[in-house]
Structures are given as C-alpha cells and as structure tokens.
Amino acid sequence: MMQTVRNFELYTPKLIEKREFFSSGHRACQGCGEVLALRLVLKALGRDTVVANATGCMEIISTPYPTTAWEVPYIHVAFENAAVVASGVEAGLKALRRKGKIADRDVKAVGIAGDGGTADIGMQALSGAMERGHDMLFVCLDNEAYMNTGIQRSSSTPFMAATTTSPAGTVIPGQRTGKKNMPEIMVAHRVPYVATACPSYPLDLINKVKKARKLKGPSYIHVFSTCPTGWRAPSREAVKLGRLAVETGVFPLYEVENGKYRLTVETPEKRRSVADYFKSQGRFRHLTPDQIKIFQERVDGEYRQLMNKIKHSRSWQE
Amino acid sequence: MKQKKWPEAWHEVTPGCVVFAPGSASTYKTGSWRAQRPVWDNKKCIKCGICYIFCPECCISESADGFFAANLDYCKGCGICEHECWPQAIAMVEEEV
Amino acid sequence: MSKRTGMEVAIAAAEAVALCNIDVAAVYPITPQSHIAEHLSDIVHNGRIDAEFITVESEHSAMSACAGASATGARVYTATSSQGLILMHEILPIVSAMRLPVVMGNANRALSGPLNIWNDHSDIMSVRDCGWIQLFAENGQEVIDLTIQSFKMAEHPDVMLPAVVNLDGFQLTHMIEPMEFPTQEEVNRFLPERAPFATLHPDKPVSMGCFNMPDIFTETMMAKNEALVNSKQTILKIWDEWEKQFGRRYKPVETYFSEDAETLILTMGSMSETASVAVDEMRKKGKRVGLLRLRLWRPFPLEELRSALKGCKTLIVMDRALSFGGAGGPVGTEIKSLLFHDKSRPRIVNFLMGLGGRDMKVEDFIAMVERAGKKKDETYEFYGVRQ
Amino acid sequence: MIEIRWHGRGGQGAVTSVELLALAAIEEGKYAQGFPAFGPERRGAPVMAYNRVDAQPIRVRSGIYQPDVVVVLDPSLMTLVNVTDGIKPGGLLIVNTAKPQKSIRDTLKYTGRLATVDATHIAREELGLPIANTTMLGAILKATGVLKFASLDVPIEERFGRIAAKNKKALKRAYDSVKISK
C-alpha cells in the first residue's frame, strides 16, 4: 500500500507549478526541510499572496537587506505577531479593495511562523487572528525547537528530545513534556480548515495549501519541517525523516474540515517502530530501550486518539 | 579592489529598508557552501522530477530534453536529490580542492 | 467660524479620526482610552465610515495589525494608554523604522506599579526613543486638530513616520467641553489621500522588514534619525496650512507672557491651561513670570525653545515622569543637556509633579515658582511630596 | 465662573447630569466643563462629578475644591459623605429630599443657602423610575439661574429621544417645586 502512495508522489512532480516564488541564493542550511516546505507552500499559494513572516530561520535566511529571496509581497515585523500582521494585511487589502483604491482581485494574506512563533510566543496573536475569522491562512513551519537561536526547546519539541535547553542529562533525559497539539487548538477555535502536512509528501502538502487558499475565512496548516542541523541528522536525510515521521505515526497527515477529521496519507497498517525514526537523529541518541518504549506508547496512544476522531468526528455543518 | 557595496551611504538606504527587487537573494551564490556536487547519470534517469521537487535550493531544473541538472551557482550539496532519487541516477561527487 | 459643540474629548478624538476617512483601526480597550475604542467601533458599525475595525486581543497585536494594514497602503489608526503603550513598545520602533505612517492616540496614564489608572506622562516618556512624531494636546480642540494634522504629517512623502497624539487621561479623555469641528469637506481639502511609496500587493512585490547586518545598520539608523529631525519642516508647513484654512495657529513651543519673563514655567499637555491661570495671578502681582508649553516633543524643537528662552533667568521644567536613579525628569534632563553649551542659558529647575493623577491646582504652580526662586542649585525635586 | 459639585451613587446618573448641564451651557454659547471624579467606583458606591460654567473660555483643569454649588442626588449620602466640604461662603446646597429643610440643616449643621426638591418622587411619577438625575437639573436651573431653561431642550432630546418629553416634564416640575431658602 505504501508503495502505491510513493509511486503516486513520484510521478506527480511534473504536474506541480513550475514557477518559484522563493529564489535561490537564500542562506538556509544545507538540506533544510523548512525552506523546502516554504518553497512548496509558496508554489501552492501562487502570486496573489501577501506573506507576513515571523522572525526566525526563514526570515533571517531570506532577507538580509538589500536583498530578498521572496518573489511575493512580504512583510516581517517581529517574532510573535505574524498572525496579527497578516490579519492587518487582510483588513487593509479588504478595505482598500472595497473602497476601489486597489485592484478588485482576490489576494490572500498568509501568516508564516516557526513552531516558537506559533505555539509559544505567537500563540496569543494567532488565537486572536483565528477567532476573529479573518480571511487568511496561517502556516506553522514546525521544526520542533528554536533553531534560529541555537536549538532551544519549544512547546513543540517532542518528548525526551535533547535540545540546548532540554539537554539529555543524567537526571532529566531531555524534553520533559510532550509536543503541544497545535492543530487541535486550532480546531477548538472552530477554524473551518485545519491540516497537518510535510514536504516529504509534496502533493499532499500542495493540495492542502490550495484548499486553504480557496477557502473564505481562517485556515491553519501545521507543516512538519525537518531540521538536520537541530536534530543532528545527515542533511541528505531531510526528506526521508519526514517520511519516517509519517510512517511511524509520530506525525500523521490529516485534515479537519469543519470539525471532521480525515487521514490524507494512509499510514501503513503496521506502523514502523519509532526506533527507525530515531536512528539517524542525534537528539534521540541518548534514549534507552525503556525510554524508547515509553515514547512508542505515547505515539500509539496519540495515534489511537486521532483514529478515534477520524472515525467519530462529524462536520459541524452536518 | 574591494567592490562597492550598495547602499553605501546613509542617504542611499531605501525608506524603511524596503527591497524592491523580488528574488534578489539570487545575487548571492550559495554554491560556495558545497563540498559535494550531484552528478546525474541520464542513462538511469527516468525523468520523474523528484530531484527537482525536493531541492530546498530551488536550483534543480528540467532541460529541454527532459533531464534534470542542478545550478551549481546555488547547489549547497545537501544530497537530498541523491538520497531521494528512486532509480539512483544521482551520485554525490567530492568537489576538487 | 463653526459652532462650538459640547462633547467628551475621547469621543471627539474618534470623530476626528472618522473625519480622516481611515481604512483600518485596530484598538484594544484600556482605561482611560476606552471611549475612543468604543466610539470608533460605533462609527464603523453604523456605517458612518467605510473601514475595518479589528478587535485585537492586545495592544501588542493592535500595533502589529496597524503595521500590516499600513503596509498595504491603508490609512490606519490606533489608540492606547499606559500599560497598553508599553505592551506595544516592541513594535513602535519597528513601525517607525519601516516608515509606516500609523497614527495613534495615547491617553496618558501612569505606568504600573503600583497600578494607577490616572494621568501622568510616564507612559509616553518610556517610549520616547522609538522614532515617532510625538505631540501633546492641551485641550479638546487640540485633540481634534492634532489628530487630523498628524495623518497629514505622518503620511507626507517627506516624512513617512508614525505619529502619536498625547491627550491626558481623564483630564482630557473624560472631559466634556466645547470644541469646533471642521466639516468633512474642509478635512478633505486639508488632508490628501495617502500616496504610499511602497505597498504590499502582488502587482509589484516588495519585501518589507528586511534585517540589517552590522555593515548597514548604522546608516539605516542615521537615515531614520534624519527623517525624524527633518520632519519638523513639514510639521511647521502643515501648521501654516492649518492656520490658513482654520485660523488656529499651532507652534512647536507655545508661549504665554514669555517676552519679558524672568521666570518661565515649561509644561506639556492639559496642565498648561491651569498653569496659565497661575501666570495671570502672578502677573497681577507684578511678577515677571511666563509660560512655555512644549507641544512638539519629537522631533525636539530646539531652535524654537532657544528663542523663547531669550532673557529668561530661571526655567522651571515640570516633569510628569521620572528617570529612576537618573538625572531627574526626562524633559528637564533633556533640556539641560540641549542647552549645556549655551552661554546665556537660564538656571534650570526641574520639578517632578502631577504623578499618577495628583491634582495640580493654580496655587501649586505659584508655589513651585516661589520654591524655584529660593532654590540654590539645579538638582531635581519632587513637588508636593509628603515628608 | 460657577463651579458645581455633584454627589451621587454609581449608576444614579451623576455623570449624565453633568454632561447634560455642560452641553446645555455650550448650546447657549457659554463655555463649560463636565467631568467625573476619575476613579474605579462601581455601581452603588458614592461618586462625585463636576461642572464649570463660564462666559469666558475655561482654563482651569484641576478638580473643584471650593464649589459654588453642591448637588446631592441621593439623600442617603448626607450622613456618609461630607457634602458641604469646601462650599464657598454664599454657596448653595441643593438636595434631593422629601424632608423639611430644617431637618437637612440639622443633619448637616448647615446654615448657608439651601434648596430642596423631592426629585425622586417626581421622577417616579413622571418617568416611572426613582432616578432623579435629570429631574434635579430643573431644580438647579431654578436655584442658580446659571442657564436658560430652554437650553436643556436640545441635549435632552438628543440624549433621551422618545422619552425626552417625559424627562422635560419632570424637569419642569422640579423647576417649579424647588424650595429655596437663605
């Protein structure tokens, strides 16, 4: 079954938008999964887009004055406010369009931030923007720690992962808490479209962004973005690690339309062990077999919970 | 001789540091970051484009004959294309010192 | 001359904003600013102006939403006070660095802690160095006039900087008093449509908020400073235009009986009116006392201050904020440093007064002038503090 | 310049009265201020509000400490708050009460000018509510002569819309029935 999915992905690149909206010459690390995700997101969004980006890796690698890697209109203000800057952009464009001061064309405001700019410091602004119902998309490029400042833990860092502020100590083995479930928080805001995605599944990611782009109202996409530098993994495995996260059920790919959950990329019936996913990542290297077992149980539990939602959830429009 | 920077003087700074040239990051050549380069064996290539779609540098493109190649001005040599290439048509080759 | 209308000043501020036909407002409620937010939302919800009113979840987001909206080319307004202002502090220097002409009303209120909702200037002084045009209103009429003027100042192609109109919390915001409103036609004639130099639109993609490496940051800071310093010329020009059209004259430093004064009081904001009554009383007794009111705080009007100080022997700077552990009040400290090289500079006495809503009566101003006359040195002093 | 201090309880509309009085004065071409005692008082708490009225522009922005007129909206405040505090020699105290003036004077140990009116009773009859704030304005106009009676028309109409007529009637009754003594 997995094989068919992979084949499907393999033969689709030629169908994908050729135009790039993020130029070469950006300063991202070798094998950066986040900039790959960003590149695909922008392809799906197309030219009629305004991006409000949070401070972070994608900001720093793209816009050292006087140059920019962005080919769509772009604004960066600060770290914690990408969502509300995007909502300001949306309001500005809406008012100017209504008043005939700009072309009468549909331009989407999109907020983009890393996991810190989404789940931690950016949470309040995001919650406000989603609750107010702006016609905007918010994309979280989640690489599971504060990579820009040197790999410090965030609330999106997985359980027991080692970062520079959750080191693998003799007393405390890395991150003490589990990953915050951002998509669930967004669903609780009754955001009409919430999805998870991963650039290792480019077609799935692009389809979801396009869906969100088309929708009138707020939408949220949480993109799992591998960070070879922060995860202490080989650059060339950036795409593979994303695939493993999905195949192990560590990061399932699903979407929630009006409260109705649906798995968009099937996980193999017998999910791979999390140990396979950990193997090439330095941040999990300290884990003992017992600890890996605990992690596996957590993943199994969360996966079961998700499957329950997929089975039982109903659209609030029904 | 050292090349003149732009903007040089304070009055040359654009108001608000707005950049009016989209995609101008491409003036910076990241190819110098590379220790290994990808080399395509077109005999094995099935022209699927997976290398193109997974390139974080947006530097792999399709030529008129349907084969793919990386723009070495930008390729940082991450090796994703080699790792992801299904028919194993790409090899990473050490850059000459 | 149009008829005087009685109205609460906060409501008048919102009405002035409406006359400017804004496109977007993002305001978070806070005492004593809330009546501005309430009335502005009322204006929008009743379709009196065609604008988006964003009910943000914090002041930080208010300023952030303003930045985003202003970057699209929209005319944008927000209002805040005290804690709200310092919550948006992070975004203030960014907005000015991005040259976004956001206009803000600030209902001056003391900073916590301890919590105090009443009037002083510690809020605005704590964000003094953010690169905004900073104006102080004395009464309701000035709140209307300065609000309308500041859109023109901020959006002027020679300026492109954000502007804040300070109105004393409660003393002005909650005061019902007579004011004259310009008509919509008059405002339309005075205030042109905004013509932004760059906007966020796919027809011409630009990148805003690019970061600076050390090799360019100093030049950028210099450019920003020059823009604010030079904005004074445009501000003066706009005040001339205002006078021509509406007959009311605005100057960076207002003077009252200053020509022959040996002692000058320097105030900001609404207390100046009470101080002017004190000057009248002292003049009646033959004392050569006058009043200076600093209306323009940033850019600082040094030449205007200098010429107003000619012949003055004692300058009493009344600060409604203080720099803890520093050289006194921010205004006193700054004026001392600006006049440091002037050979004929007056003796400068700095009082910290009117903090957190402590009422200042006519007698208090007279008492401060008397105290200044007896004071031997130039150290700062708390006025009216219980010992 | 005439300075007025109002005593009421949060929710009794002292601020509305102050606003109406200021608006009426401005309507008449005079200058006026109307402002509450700035604070966090909630419904039921004793509150104060102020007016200044003058033919000249008003420049003083401090609080009012020596009022020409003190208005007491709620008679129960008289034993709780020192309502006559700072009242000017020759000043006027206006109280909403049904009691005889002697009893007020005794309670407050007050010998100055006094005006009383049973505004609560009038309000209950005319408006169906024991809210005396606008009704009291009638007594003030009569007792102080600070404004023309008709100057309140526009502010009352703008404020109360379809119940403006009832308010005006209550005002007029207070105007006619207020008892003033030296």
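Letters A, B, C and D mark the chains in the order given here, with residues in each chain numbered from 1 onward.
By definition in this document, contacts are C-beta pairs under 8 Å (C-beta built on N, C-alpha and C of every residue); 3 or more make two chains touch, one makes a residue touch a chain.
Predicted, not measured: the structure shown is a model, and the values here were computed from it.
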From the Cα centroids, identify the chain that ends up most central relative to all protein Cα atoms.
-> C
Could you state the distance in Å from the CA-based centre of subunit A to that of subunit D?
-> 63
For subunit A and subunit B, let me know how many angstrom lie between their CA-based centres, rounded off.
-> 24
Could you put a whole-Å number on the gap between the CA centroids of subunit B and subunit C?
-> 51
Between subunit A and subunit C, centroid-to-centroid distance (C-alpha), Å = 43
By the touch definition above, subunit D meets two or more other chains at residues none
On subunit C, where are the residues touching two or more other chains?
-> 98, 205-210, 212, 216, 220
Would you give the residues of subunit A that are in contact with at least 2 other chains, written as numbers and ranges?
-> 63, 65-68, 70-72
Pairwise, which chains touch?
-> A-B, A-C, B-C, C-D
Along subunit A, where are the residues that touch subunit B in the complex?
-> 9-11, 13-14, 16, 20, 22-28, 30-33, 35-36, 39-40, 62-63, 65-72, 199, 202, 228, 234-240
Can you list the residues on subunit A that touch subunit C in the complex?
-> 47-50, 52, 59-60, 63-68, 70-78, 80-81, 84-96, 98-99, 101-103, 107, 109, 124-125, 127-128, 131-132
Residues of subunit D touching subunit C in their complex?
-> 18-19, 22-23, 25-27, 29, 31-36, 38, 40, 58-63, 65, 155
Parts of subunit C lying in touch with subunit B, wherever the complex brings them together = 97-100, 160, 197-198, 204-210, 212, 215-216, 218-220, 222-223, 226-227
In the complex of these two chains, what residues of subunit B are touching subunit A?
-> 6-7, 14, 17, 19, 21-30, 33, 48-50, 52-59, 71, 73-74, 76-80, 82-84, 86, 92
